[in-house]
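Pasting the structures here.
The two complexes that follow have subunit A in common; it is paired with subunit B in the first and with subunit C in the second.
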Partner chain A sequence: MTTIAAGPPRVAGLDRAESLPLVNERVVLCYFVASFTFFIIALLAGLAYSLTFLQSYPFAGIEWLSPGRVRMLHTNGLAYGFIANAFLGGLHWAVPRLTLRSVLSDKLSWLIFVVWQLIVLSTAVGLLAGEAQAVEWGETPVWIDPVAVLGLLLVGANMLTPVIRFKGPMYVSLWYFIAALVWTALTYTMGNFFPQYWIGGTASGAIIGLFIHDLVGLFVTPIGWGLMYYFVPIILKKPIWSHGLSLVGFWGLAFFYPLNGIHHFLYTPIPMFLQHGAILATIAVELVVTTVIVNFFATLRGSGDALRTNLPIRWFYVGMVFYFTTCLQCAFQVTLTFQRIIHFSDWVVGHAHLVMFGVFGFWILGMMTYLFPRLVGASGWYSAKLNSWHFWLSAIGMLVMVLDLTMAGLVQGFAWDALMIWEETLRASTPFWLVRTYAGGAMILAQFLFLYNMVKTASMGRNGAAVSGGIVSGGKIDV
Partner chain B sequence: MKKRKGARIVVVTMTIFIVVAGLYGFGSKLEEFVRAMSDENRAPGGEFVFIPVLNYFLASIGFVFLFIWAALNGMFRDIEKPKYDMLERERRLDAEAGAPWE
Partner chain C sequence: MFESKSGVLVIAGLAFFIFAFIVMGALPWTIYKDQPELTALELADRGLTHEFVGLAEQFPERFAEYFGDVTPGAFAEALTLGRDVYVAEACWHCHSQFVRPVAREDIRWGPVAHAREYSNELQRPVLFGTRRVGPDLSREAGRRSNDWHIAHFYDPTSVVPLSVMPRYTWFFDENRVPNKKGMAVISFVQWLGCWVDEYPYYEEGLYSNPAPMPSAGADDELAKHGDAVDEKA
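Presenting the complex of A and B:
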């Protein structure tokens, strides 16, 4: 465990004098293992679901494995199993190191870990049993919702305590973490309780629209960027280009993002001022995103070789390029002109995959690539070549999938707009769906290679073996 | 000197353009909102007109207060300092842990 040695504080501005573990690395490791386990399950569910479109669904006739339920297993498994677990692990690493104060309680950390896994597992069982709640991305059965909110409040208490105790101007990552911890509980409550118990019809549509997008923008995005602002400078060993600009990005997100969600329901009976407001806010967010991207690429200036030599940095920056692409896409696709063509088409599916896998998945995999050997006590990865394969298969698979689904969306949209016969549009879509399945297969294969590498690295860590072709070279990680 | 004057003209023109466009956008949305709220034919209850806006203001008002608190507490006084402090803390932590990558 990383510790602060006994005696007087060693870091300026610190009043911590005890020798206590600063980061509970075992908790971080357990979160990563849980995250990767759910990742594999969710990806396999996605692969199975994609086969439905090719008339080859492997579980045909089995009610609890019907495609609709397996699709929800795919989406919820990724959101709450893969991303939430990995982010909780990342927060347990970054927050104490940024504040030099440990989380509120180690026991609470373990309790939250166990409860969160039970929540995700119960959600999976509930979804397969047909108990889904009628809220997109909030399909968690209603009886789990109160426990999930309680869990989020406990996470907030555990993580915000060191931040509140921290004295002096805060680094931008901490601003993002504060926002995410407050917003997530509020967003989850709004999306899962309001439409269920108090508001119906179109009104609930408006709330669900806010929930869907706020979950991405106010939970995943702030934690993701907070972690990037932490990991990129420490790996490059240079500060972020402009801390001031990073704060512009943060406050821009805080004020422009919350109204975006209704852009999911354009051309619906929701009042047009809300739809137009969402469109304007989405375009404004693109400007905010540009400041963030400029900041990170200006930081990379003079260290561009890291993209070649440092695998975590490559994961992070490719994810950022995908992030900019997806936000740029967003600024156009939320307009009524675009929506007329792409709504309900596979364009949207491609966009969602680019965000969840291409951006946040890439950042998480980069974070795991950087931290995993440290967490298992190994001095490096078992195989740099496998790591390289992991990256390239994931990146190429992702790129092919997004291009393929984007083209499929355009074909479908224009075909529907031209009132083409429905069966004809299905026939036209089939080649695209086949390519999507192969691209997904490549991405899944990549994760199995990474899994094998992790297992071998962990066993080497346990045995205290040295690593051949290790990751350490002049402060950078060789790939 | 000439260059600075040119830059100022660009900034002022852009500011006017953005503020006027922003005010027009906000004003017309406000007008639509008032019309939707006062429309007798709106859906019963009419919460859906109001609740998303209320949700936005609730989320934003918290951040307005947080922003004011941060400014008053000197969080933005030396705005670039935290990025150097963060790296220094990280360097010391890695050194104390005897990290092999150091």
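Presenting the complex of A and C:
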């Protein structure tokens, strides 16, 4: 394999000044800080919302904090505040290293950063003020949508310029990044404008289905995998196992993923032959995903000890196990047999949490664990123990939540099918909702531990203090 | 081609996306494009619901202040505003608006959803919903009284002790009379499904009047249902 295929070239040394011309690390740091801030806010919104189900919502009767609106703050805050910001930070870190060229313009990077935070903040305010749009995961008020599309186009210009200027074979990550930047702008435009202005009724349901799915499949997933293809070989210091499987994974995703959308609206008046098509395409995605997972676990072979000693690798690979689980689950739940029972139930809510937190959240947190000390100029984490707690509380909380909600979904689905009185199905759900809140609480507690660790580490970085311990399992700084 | 910039950008980025959009997005649109999309006023012109008129009779002064006379124009305004409130408060995240042909849903809620029911301005974007914490609302019209909805919006547990629905106290003025938003959202919810002849009283567990399962003669059933949409209201 060539050097390129073996992983991104090592250009940035440990010395920060040396790496500045290629990567503006301040931008990366700012994105991570913004990302984590919205993460905490969105998680607290989710926790508060979950209390509604226990009839103990703390802000009942306050219009701006009505649970329905807070739920949208939770989902949109995570998608556009947490994930998008973290991914932009990751792209600013990885793309220049993969192309040996800096982004189009440093000033543009800062402009995009500011604009994106304004978009997220005004989305949050708009949702709480009651300006939501009736597009799930795209409730962003309609007056923000054009600005968001403009922002995405600017991101494309900034990030694709180094790719275009770069000559020579492209590493896998860049395929994902190129496609994702195109897809994200197209998806956002499709989902927010078509059903609002041009296509109504049942047909708009098909478009909204595409949007919900493409947002995960064509924005979050490809950037996430692109970053995994970058960070995993770097940290393990070995090339990805099979170039051929990388190709299968990318092209399989590119073809089958966009065809999945209608599976969100099975048994609606949308024509049945299209529903069948979406189901088949979804099952095909699971086969594609398997090739990617095989590729990554074959890469890990011989370096399995890293799961124990290297925390970022542990975050990444546990995220991949969750990814495989969630896709396998999807291949079953998408069938009409499963849909009969589980549609509309908490099963789907569990599935969504597993994808957003268990997979992409884990990858982002692993990325932050790996990069944060060096972004703040510290030689390691303040506390390895806190990082370890961060991981285990997140992982166990996630596992409990998804098992709990899956069971809740089955109970609800069969209760509805058995024509149980509606109020009684609420009674049956309550224990599951209680466990869900506690599991969510554990996940949030973990993030506060991480926040404390980050603050301490940052102050260490500023003081230039030497670090004792915390390096081994707290993210190696040995790129 | 598979590893080149143009290949990735043009084939994966653009071509596959557009292909999927045509197959999964544009095709359903071509199938339904002959169904006229009714405006709110056209819907209102088909007749006022008893519940809308009831609000005007129960709160004549307030109603006149908010909507003026009891006309189709006022009804259209109430439906549109009610729909906006329904979206703003994310009602549709916990209440679906379609009845599936499986899981005995037609026995609980009533006739299975038909595409024609969604060909109107109030279903743009469509409010199918993806989760049911509360019951489906597409067969809700006239199921309960306006008074029930007023009490329920103010404090759901006052009428349904186990309800996890939030309180919507800002739908009311200082005398606990529904304000404009309140009247609008009640009008909207009481309109959902008013075009269907009848549906069962699921809340009492009395499923004595199930609609026929759409297995044999499904087309007839749908056609009949479609006629009902045209004639009713």
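One rule holds in what follows: the second predicted complex is superposed on the first by the 450 of 479 C-alpha atoms of A that agree within 3 Å, B and C clash if a C-alpha of one lies under 4 Å from a C-alpha of the other, contacts with A are read in each partner's own complex, and residues count from 1 in each chain.
The rule we apply is simple: a contact is a pair of C-beta atoms (placed from the backbone, for glycine too) under 8 Å apart; a residue touches a chain by one contact, two chains touch by 3 or more.
Quick caveat, the model's predicted, so the values are computed rather than measured.
> With everything superposed onto subunit A, say whether subunit B and subunit C fit together or clash.
In the superposition, subunit B runs into subunit C.
> Touching A:Ser379, do we find subunit B (first), subunit C (second), both, or neither?
It touches subunit B, and subunit C stays clear.
> For A:Ile199 in the superposed arrangement: first (subunit B), second (subunit C), both or neither?
After superposition on chain A, A:Ile199 lies in contact with both partners, subunit B and subunit C.
> As a test of reading the superposition: which chain, subunit B or subunit C, is in touch with more residues of subunit A?
Of subunit B and subunit C, C contacts more residues of subunit A.
> Touching A:Arg340 in the superposition: subunit B (first), subunit C (second), both, neither?
Second partner only, subunit C.
> Determine, under the contact definition given at the top, whether A:Val348 touches first (subunit B), second (subunit C), both, or neither.
second
> Given the touch rule stated above, what does A:Pro271 touch, subunit B (first), subunit C (second), both, or neither?
both
> Once chain A of both complexes is superposed, is A:Pro233 in touch with subunit B (first), subunit C (second), both, or neither?
first
> If you lay the two complexes on top of each other, which residues of subunit A touch subunit B in one and subunit C in the other?
Touching subunit B and subunit C on subunit A: residues 169-170, 178-179, 182-183, 186, 190, 194, 199, 201-207, 209-210, 218, 247, 251, 254-255, 258-259, 262, 269-271, 274, 277.
> Where on subunit A is subunit C touching in the complex?
52-55, 57, 60-61, 63, 66-69, 71-72, 130-136, 139, 163-164, 169-170, 175, 178-179, 181-183, 186-187, 190, 194-196, 199-210, 218, 247, 250-251, 254-255, 258-259, 261-262, 264-265, 267-271, 274, 277-278, 336, 339-341, 343-345, 348-349, 413, 416-417, 419, 421-423, 426-427
> Enumerate the contact residues on subunit B facing subunit A in the complex.
It comes out as residues 25, 29, 32-33, 36, 43, 45, 47-49, 51-53, 55-56, 59-60, 62-63, 66-67, 74-90, 92-93, 96-97, 99-102.
> In the complex, go through subunit C and note every residue touching subunit A.
Interface residues on the subunit C side: 2-5, 8-9, 11-14, 16-17, 19-21, 23-25, 27-29, 31-33, 35, 37, 85, 87-94, 96, 98, 100-105, 107-108, 113-115, 117-121, 123-135, 157, 160-164, 166-170, 202-203, 205, 207.
> For a test of understanding, state which residues of subunit A touch subunit B in their complex under the given definition.
Going through subunit A, the ones touching subunit B are 2-5, 10-13, 22, 97-98, 100, 168-173, 178-179, 182-183, 186, 190, 194, 199, 201-207, 209-210, 218, 230, 233-234, 237-240, 242-244, 247, 251, 254-255, 258-259, 262, 269-274, 276-277, 280, 374, 379, 471-472, 475, 477.
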